[in-house]
Amino acid sequence: MSALSLPISQLPATMSNTFGHIYRLTTFGESHGPAIGGVIDGVPAGFRLNPEAVQHELDRRRPGQSAIVTARRESDTVQLLSGLMDGVTTGAPIGFMIPNSDQHSGDYDNMAGVFRPSHADYTYTAKYGLRDHRGGGRSSARETACRVVGGAVARQILESMGITIHAYTSAVGPISLDTDYHDLDLSLTDSNAVRCPDTDVAASMYRLIERIKSDGDTIGGVVTCVVSGVKAGLGEPVADRLSATLASAMMSINAAKGFEIGMGFEGARHRGSEMMDPFETAPDGTVVTSANHSGGVQGGISNGADICFRVAFKPVATLLRPVDTIDCEGNRTTLKARGRHDPCVVPRAVPVVEAMAAITLLDAWLLNKTARI
Amino acid sequence: MSALSLPISQLPATMSNTFGHIYRLTTFGESHGPAIGGVIDGVPAGFRLNPEAVQHELDRRRPGQSAIVTARRESDTVQLLSGLMDGVTTGAPIGFMIPNSDQHSGDYDNMAGVFRPSHADYTYTAKYGLRDHRGGGRSSARETACRVVGGAVARQILESMGITIHAYTSAVGPISLDTDYHDLDLSLTDSNAVRCPDTDVAASMYRLIERIKSDGDTIGGVVTCVVSGVKAGLGEPVADRLSATLASAMMSINAAKGFEIGMGFEGARHRGSEMMDPFETAPDGTVVTSANHSGGVQGGISNGADICFRVAFKPVATLLRPVDTIDCEGNRTTLKARGRHDPCVVPRAVPVVEAMAAITLLDAWLLNKTARI
Amino acid sequence: MSALSLPISQLPATMSNTFGHIYRLTTFGESHGPAIGGVIDGVPAGFRLNPEAVQHELDRRRPGQSAIVTARRESDTVQLLSGLMDGVTTGAPIGFMIPNSDQHSGDYDNMAGVFRPSHADYTYTAKYGLRDHRGGGRSSARETACRVVGGAVARQILESMGITIHAYTSAVGPISLDTDYHDLDLSLTDSNAVRCPDTDVAASMYRLIERIKSDGDTIGGVVTCVVSGVKAGLGEPVADRLSATLASAMMSINAAKGFEIGMGFEGARHRGSEMMDPFETAPDGTVVTSANHSGGVQGGISNGADICFRVAFKPVATLLRPVDTIDCEGNRTTLKARGRHDPCVVPRAVPVVEAMAAITLLDAWLLNKTARI
Amino acid sequence: MSALSLPISQLPATMSNTFGHIYRLTTFGESHGPAIGGVIDGVPAGFRLNPEAVQHELDRRRPGQSAIVTARRESDTVQLLSGLMDGVTTGAPIGFMIPNSDQHSGDYDNMAGVFRPSHADYTYTAKYGLRDHRGGGRSSARETACRVVGGAVARQILESMGITIHAYTSAVGPISLDTDYHDLDLSLTDSNAVRCPDTDVAASMYRLIERIKSDGDTIGGVVTCVVSGVKAGLGEPVADRLSATLASAMMSINAAKGFEIGMGFEGARHRGSEMMDPFETAPDGTVVTSANHSGGVQGGISNGADICFRVAFKPVATLLRPVDTIDCEGNRTTLKARGRHDPCVVPRAVPVVEAMAAITLLDAWLLNKTARI
């Protein structure tokens, strides 16, 4: 930690690390400390939790799964420390820990006094007045592993109510999968390293990422998420609209730069008569809509249709080739990052998007029960 | 309020109506009650407030300003009821009230038992088990007037620190203003009814809205917002990233369906080497970036560059022509809405976007001071 | 507002004015502005509210009821502005307003530059850097009228579940009512101006307050509160124990200086074998306790027995006789307060204690429902 | 976990385990799991933390220190897992863990199906619908070890500002230390096992606890706490008065049944003229009071004088002799608890009271900075 001479406020500040109102996940840990972890509070009592399914979600996010993701090797084994008795939730908070095993802090030595462009180095330094350069400290995407644990617990509870969550890679750079999700076999998502359910498109995406990686470059992409089985009524209609809480959850993921629900930005180009979701009565008497331009949320509240949204991720900021930048004293310098980074964040972002959706929806579901007499 | 027989959960529930953590706006009121209003808590003491400037912002949002917005006539005169002594904030909460003057509840009688498609009628009914059909009740865009009051107070405080907020209409349906905002004269935004700073494009947009209105139809659009003068360091890096809180604030506005910051969805199509924001040292020693693909936020924290984001609004759901739908008993019916509605929400959304940006930024600014020793 | 030269931090700050997590009351207003009021958020939908019963609670707190309370004349008529349709709660927030009618700001002119001893004048000035001397500004007990409104709504909802709340004056200065509440007729509480259900003791208390008043002095006292009908299970067991949230609610009332539940401080003098609350099975199979030393809360959670607690109120700080103090410049001076003040706060605190109990219990009740699958 | 047949609601629920608004401690863990721990969020960046001082506070709370506390042997070694770089806080959350080493779950086997009187067994079962009988699960006082960690970090930061916190045992059963704290040498508090700074009184208390223990009984007591060096201005004046947040923090400690600040319940017996705290100007120009009946808080805000409060603890519920009770089926039974329990909770509660005071005051201090322009 060097004394900085930045012409900005360098007074220390704090950060908030808690997601949710009722079902609350608080995370801690840096990529290069002994462990990361968190506390899940507000877990309903009496639910039989499957720890293997939690680990499975972590495995999906784990680095080192294929040639197109970071080579960092982490076993990412989660230890659940509390809140369970004989495998059943007790209502007590679930504390958990994921030991860090593969810390190459040395990789970052040459970055200690330098601001990597488009990375969080400078903004953290501006905010906190000091710099944790070891792998990005708290801004490392490794933090999202804890969200996957919180999401995996939420997901199991949601699944017991018939709510399912499927995310997939729908764009890598200019390669876009535009097929309506009804015409995709979403069970194929995990069949390839890109996590795109159309295997042909997946192959093209894979080749593009390989090429980008060999260039020492990175590439952005889009994740689409579909949540089915949500009953009408979730979401608070003014400040905590379901569309707003989902947006916040998704935009809190590293590298996320855009969120849209239903027809989103494309819908803004159209007429009301084209964007209508007419109501109908299903044979079983349920109110349904014959279209879903709204993406399952109307007036901030779920309407029973599938909740569909998309998240845009910028290309990872760390390039594996020399870039011009400045050091902490403001002098020009050239940086050649080593470290181990994903050329495209999207394949590993898929389980994180699902996790944040699960946390958001379970929280909305619980909050919706809050005030019933 | 009729006894409904919907095949969904109709148990009553609650809603959350508070924005912000430290600077907190809580709103109340329906479009057809005696008044709407709210409480602004967390207002810093010792600030000389200009009440005329608050009223001015309300006037910008007020209906009946031109031929292309709703003809509802409301004087929208705000009464500040507390929190001020001799014009200076005391640190006490500012309670305020805006009397409703032009309630045509009769306009809505034919909608009492019907679910308007793509509107919040059904979702509110599903959530609360009853139906306030009088102008949409709490889901009415009239609620946003209270946000404008909360935003106008925040804006004055921000302006005293050199922070300015400019939003403008950047798209109406397919007509898009793609000019970089640096090349626009943003002071022209309020010179036309559309609130587009390019007067030629504004004229085209105006004609389109007129045509849409004469068709009894509606049209979507996009609002772009630019915030200048924010120092590096605002935003919490994990759960309350500035990109996430801005997304949440914007997506909480009626009809908002998409949010992107910086290059957003377009940036997801590109390589990291193309999206780089290189750091430089300005002549005065300040760290600046020579590009701003990030939109002023990196790692969830402001970096000192302009904060730029866009919000997509769907077309208003209420058409002034017959639409097929169902009634509360699930029977098919045809609805011909009367009421008074905007054919395009975007021109009046501009001051609401600015208000929500002001609330979010002042809250982030205050929160950032929170934990300094 | 004078420029102060206090040797303390005078930077402005904010204040928090919201009670509750789910059922949330936010209040605003000073005793000498146009109105006080608030917003009740989180009101369950579908409840038929009796507005007269709300007004009735306000009338119980109203000044000018007898010779032993402040002569300030306020009609204290509450206007409910939103959240109701045909008398039924809609789930939308209830905004309300109580116009101030009898403001004698002139009474306070001689206090403008002076710190009244043991009053909040100095601490507010230290915190906010300015001084609202008009009747104490936000620190005026008038603010509690808004709590009575929020409590009256909660109380009706609780009563519909069989939960009743009875507070009464159990001590005025050294005169203490030590009878077990089971042996009192709590319906007599409002039969006298002191609000003590033992009419003989009430008469003694009344005479004491008269004498104190004629001395230009004030006197402290204790309010006891009994809540019946609460099922076992309310309260969160670690941070938001029911004993802790009740303590916080009561200690937030002006002049409150002590809180105890069950045997409280007296219980600390005893052995565990003396303080035991043995469990028994009632004829209907319910688990009950044959004693209630715990005051209805064990491990922070209600156990089904009556919840009993006591709140100590200090004597009002404002004496109607000359007192030595200092002015804002630190010079010695003598103050002879005029204004209109209660010689004993306890009789009018009774409905405020009940209101805060109602808000706390409904919030705990709603929160307890939060996470049930 | 047995299927219970209680005539009460057994639906599962959640619990809240977070203290504080800005400086937030979230704890997890049961006394008989692998570890307890927590996350401290909102720690200001740039503070050099002394880990030994954190461990020292834990050692003060640790069981097995003397013959009058529980014989449970725990090393209580805390591991700080994140939030520090080279010993300096980074603004990131501090995750921590305390492994459990001495779990005698077998001690509790005979309690599995029984409700211990005056303990939390029944209320937890009523709330969560299941029973973690192993040492009380989450209701175990072992949870307070995590509070001591959170408090020890806060304490160091407060001490760097000149704020000191001293708690001591002021009563054990009927033996009360009534000496004004100004006349005590508070540095002697830790010189004896009772933690009473008057060594003669301490000796009497010690003998009483020994006698109580040999009877298989328990005894209550009182802890007094004095906080010095707090500047005027801390505390929010309506909902989060410093007196209310301190009350809540203290009443959240296991076995706490009463809280009073300043003259508390005794002050309620007196006249305003007797309870006056006259203002004076100190030689250095500071505003001071020549008495401190208020206990350092006026109008909910600190006034610069010492903050003094007292906390009453009931006798521990678990007796080491046979007691009559019922089992989970409601049948009468006799329980002879084994386990290892404190005959008097007060000596080990002293560091917990200090920890909760530190958390509350640092949080108030940070919140007070929140809204300064």
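When the chains are written out, they are named A, B, C and D in that same order, and each has its own residue count from 1.
Methods note: a residue touches a chain if its C-beta (ideal position, glycine included) is under 8 Å from a C-beta of that chain, and two chains touch if they have at least 3 such contacts.
Keep in mind that what you see is a predicted model, and the values were worked out from it rather than measured.
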Name whichever of C-D and B-C has more C-beta pairs touching across its two chains. C-D
Relative to chain C, which chain has the most distant C-alpha mean position? A
For chain A versus chain C, what separation do you get between their C-alpha means, in angstrom? 45
From the mean C-alpha coordinate of chain B to that of chain C, what's the distance rounded to whole Å? 38
Centroid spacing, where centroids are CA-atom means, of chain C and chain D in whole angstrom: 26
Hey, what residues on chain C touch two or more of the other chains? 11-18, 22-23, 27, 42-47, 91, 127, 138, 366-367, 369-373
Within the complex, which stretch of chain D touches chain C? 6-9, 11-19, 27, 115, 117-120, 122-124, 126-127, 138-139, 143, 171, 173-174, 212, 217-222, 231-233, 235-241, 243-252, 254, 256-265, 267-281, 284-287, 289, 293-295, 297-304, 312-319, 321, 323-326, 330-332, 367-373
Taking the complex as given, what residues does chain B use to touch chain C? 1, 11-18, 22-24, 26-30, 33-39, 41-47, 79, 81-83, 85-86, 88-95, 97, 127-130, 132, 134, 137-138, 366
Show me the residue ranges of chain B that touch chain D in the complex, using the header's touch definition. 22-23, 42-47, 91, 157, 160-161, 366-367, 369-373
